[in-house]
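Shared chain: chain A. Partners: chain B in the first complex, chain C in the second.
Then we have the complex of A and B:
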């Protein structure tokens, strides 16, 4: 059974310059106990997808089409009328922090500077599991232990500015874990941390996932991060999913030129040669005015005329592996990628 | 915390010292002295008076004597009214001004914060615009003009509120309104912009991701942060309401500090000017200190900025 299913999600932002089409019709699902990686560069729509699922888009953002199901329950955001919006908000308030929890990107800005750590940690417990303050405190202390905060008892009454970045990220993780969520969405949880802390935090998320059997969506722009821990990987580009597959398929049999380009940017510590990393030239498409065809066309060295004119169909290589690129079309057999 | 307070008090004392010094020499540099009037035409009398009050000594010596007295909180006798002591006049006039200032301050904060929050949270454009227009008006209309308009409309035309003195609670309505209009406008603008700013912060998103409703997110996570700048402003604002009510006090014939100050300067009443200046200085310094302490109490990060 799938825990989260997204069908043809379209999310737009209205800005002064016009409508930014951040997510342009993507579908995917997350199975139980699965770790799904979503990889893409900034502006590819990966975070927006997750904020759409959580119903936490900024004021100018709107889900204009598509369906979202959490454990078969329809949680598609509705902006059509006031009553529907209200019901949706009620429904999401029960799910957020309880069944779906989110780990955020920047530990420096996501904790409230004027509230004690303990208070912020107890909040989701008190909202969702109607329990006494004492019990909530006990659970909060256990959580702090779990995420590896030394001497939680004395840390409990401290404020965020008394914590280091890594420790704050652990608190953010602890907040997400507070109510044993079935799905954890980690939005670039290691981007703002230095490398040694990154490894610790990833290990922690992995351990929790294994212990509790929750599903995890791991959003990142770093293929190195997902390599070790994801069962399946989606590659997003320009608001679309361009390739998806199991970790082996993505790393050993990449089909999309963008995926191949991304892999060329990852440093391989085993190689002895002094090969330079290969950057992908150019910049991502302008989503105010997205291209009709493949979003990657301007940066792709194999671009063909058709790529400019039509969005490629999906080509299936296995049950799990599919790619949207004209190079994989049966008429393009001669092209070498 | 204690160290912070001690440090702030010491800075306050230093400020007071500078204030008294500057005021003293400024005051001495105004042409004339308390006895330049018809009554003291005879140079012999004038010399005697000057000698009696120590005005014949060099200015610097006068300053030293003066400082010694100030440390003892002794401001001396009034020059313009024999037998009246500055201290007594202060004790009589200060409560009136302080009461008026506190009332206007409390009123301004209540109304201003409420308006600001309503404007920040409201999705309706016209509410937002209305508050902003009011706020702009309040900042730009001078208080004496407003006071006169209030007097004409509510005092003369409709005779709802009395105009002179502070005998009954009703007497307070118009002066408080006139005094608080500016701070209401300023507070509402400040609250609105700070609230809008805070609601865009990441920790608001995190609070929502915990499953908090929008209302409890605003109350539990937004309000405290949004009101920090307002608290910082509130202390000096209330102090300035007390010190800056000269015009209003004169218009409504209120026996407060403002009217005393105006006549003291006119009469070159040195002791009175200095007494009032120091009193007002203490008022402003302690109000600022109190609001900074409240901020330090609410915002845990402040204490560490030594």
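Then we have the complex of A and C:
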């Protein structure tokens, strides 16, 4: 059974320059106890997808189409009238922090600088579990222990500025875990951290996922992090999912030219070769005026006439592996990737 | 190595006095505390370490944005560590810097042409017509179009801005460029473009780089030799491939083991050395070896005195484990 199912999600932002089509019709699901990685460059729509799921879009953003199901329960924010929006907000308030929790990218801005760490940790427990303050404090201290914060008793009454970046990220993880969520969405959880601290945090997320059997969505642009953490991977580009597969399918048998390009332009430090990196020329498409066809067409060395005119359908290679690229169409047999 | 030596840094110290008031206890941040290394002509020396280890301060002290507290910076046989600003003009012509943040390092009120021309104007090089010619050439080298010359930085993406920054550093044909995290603000697919550009420029002009970054796989790719910094000290230094394959210092070992490898089979079976705790504050440094508070092999002796940088084969390591 899938824990989260997203069907044909469309999210737009209205800006002074026009409508930015950040997410353009994507569908995917997250299975129970799986770690799903979402990879893409900045502006590919990976964070916006998750904010849409959480109902946390900025004021100028809205979900214009699509369905979102959490454990078969409909939580789609599109096409709602006033009354339905109210019920939706109520429903989301119950879910957020309780069943679905998010670990945010920037530990410096997520925490409230004028509230003590302990208070911020107790907040979700008090709201969702309606327990006494004493019990909430006990649970908060346990959480601090769990995420490896030394001497939690004295740390409990400190403010965020007294914590280092890695410690703050641990607090954010602790807050996310406070109510034993079934789904943890981690939005670039280690981008702001050094590698040695990153290793600590990744190990922690892995351990918690294994112990509690929660599902995790890891949003990142670091292919190394994806390779070490994820069971299944989505590759996003220009607001669309261009390839989807298990970790080994994506890394060893990539099908989409963008995925292939992405893998070629990261240096694997374990290889001895000194050969030059193969960069992807050009830059990502402007989502104010997204291309009609494949979003990658302007940077793709295999681009054909059809790529400019129509978005390719998905081609399945296995139960788990699918790719959207015209090269996999039966008429494009001669082309070699 | 000694014949084509371009830059030698010798026991360089950069301290910052952060005493908050006249009546407070003296507080000094030892950002760089006795670092020595050499860079040859046409060589790339990579500097890695966690944030706060002093690698950027070291880079900025070498181009004399910061004034060193003590030590020598010998460039082409001349010590420039204590020279006055007015005597540094010729040095500033030979040494340039690429900054980390392409959004903050370009003046938003100047056009691309003015930005690239400025260094030549300051140093009174070429006639105005030649300068324009040179700007066109530089734009071509870094892969921008000639008509970009009249545009402003805000019209460009991060990768393109970094190219403008690189064109500016090349305007004076420098012998040595300090690249301070030149790609860390960019997307992966754009990073490779910039790295390839830097490598191509080095092949064509023979420039030397000091390449500062925290991304070890990137540093390993571009550098001939690598220095690993921890809390203001160089703990290990050696040939890049050799250092990556066979790290000696416990900190280098931990640092390399925590680099995520973009290959699921290797990454999932890899044994990570997880370091306990975090970087101590550079104001209250631990006694003896600075790494001992997080080191799995720390002994009593490590707290008593600081291990000197000693040669082990082709490598320099500062750890008592490798003392003969």
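The rule is short, and it goes like this: the second predicted complex is superposed on the first by the 334 of 337 C-alpha atoms of A that agree within 3 Å, B and C clash if a C-alpha of one lies under 4 Å from a C-alpha of the other, contacts with A are read in each partner's own complex, and residues count from 1 in each chain.
The rule is short, and it goes like this: contacts are C-beta pairs under 8 Å (C-beta built on N, C-alpha and C of every residue); 3 or more make two chains touch, one makes a residue touch a chain.
Given the structure is predicted, the values throughout are model-derived calculations rather than measurements.
With chain A as the common reference, the superposed partners chain B and chain C fit together side by side.
In the superposition on chain A, A:45 contacts neither chain B nor chain C.
When the shared chain is aligned, no partner comes close enough to touch A:293: not chain B, not chain C. Within the superposed three-chain model, A:161 lies in touch with chain B and out of touch with chain C [touch as defined at top]. With both structures placed on the common chain, the touch criterion links A:127 to chain B but leaves chain C unconnected.
With chain A as the corner point and C-alpha centres for all three chains, the angle toward chain B and chain C works out to 70 degrees, nearest 10. By the touch criterion stated above, A:37 is placed in contact with neither chain B nor chain C. Touched residues of chain A were counted for both chain B and chain C, and C has more of them. In the superposition on chain A, contact of A:257 is made with neither chain B nor chain C. By the document's definition of touching, of the two partners only chain B reaches A:96; chain C does not.
In the superposition on chain A, contact of A:175 is made with chain B only, not with chain C.
Once both complexes are placed on a shared chain A, the shortest Cα to Cα gap between chain B and chain C comes to 6 Å. Of all residues in chain B, those touching chain A in their complex are 200-203, 205-214, 220-221, 224-225, 228, 298-301, 304. Against chain B, the residues of chain A that register as touching in their complex are 54, 56, 58, 89, 93-98, 101-102, 104, 106, 109-115, 123-124, 127-128, 159, 161, 172, 175, 178.
Against chain A, in their complex, chain C makes its touches with residues 50-51, 157, 159-160, 187-193, 195-196, 199, 214, 216-218, 220-221, 241, 244, 254-255, 257-268, 270, 272, 274-275, 278-279.
Residues 41-42, 164, 166-167, 194-200, 202-203, 221-228, 247-248, 251-252, 261-263, 265-270, 272, 274, 276-281, 283-284 of chain A touch chain C in their complex.
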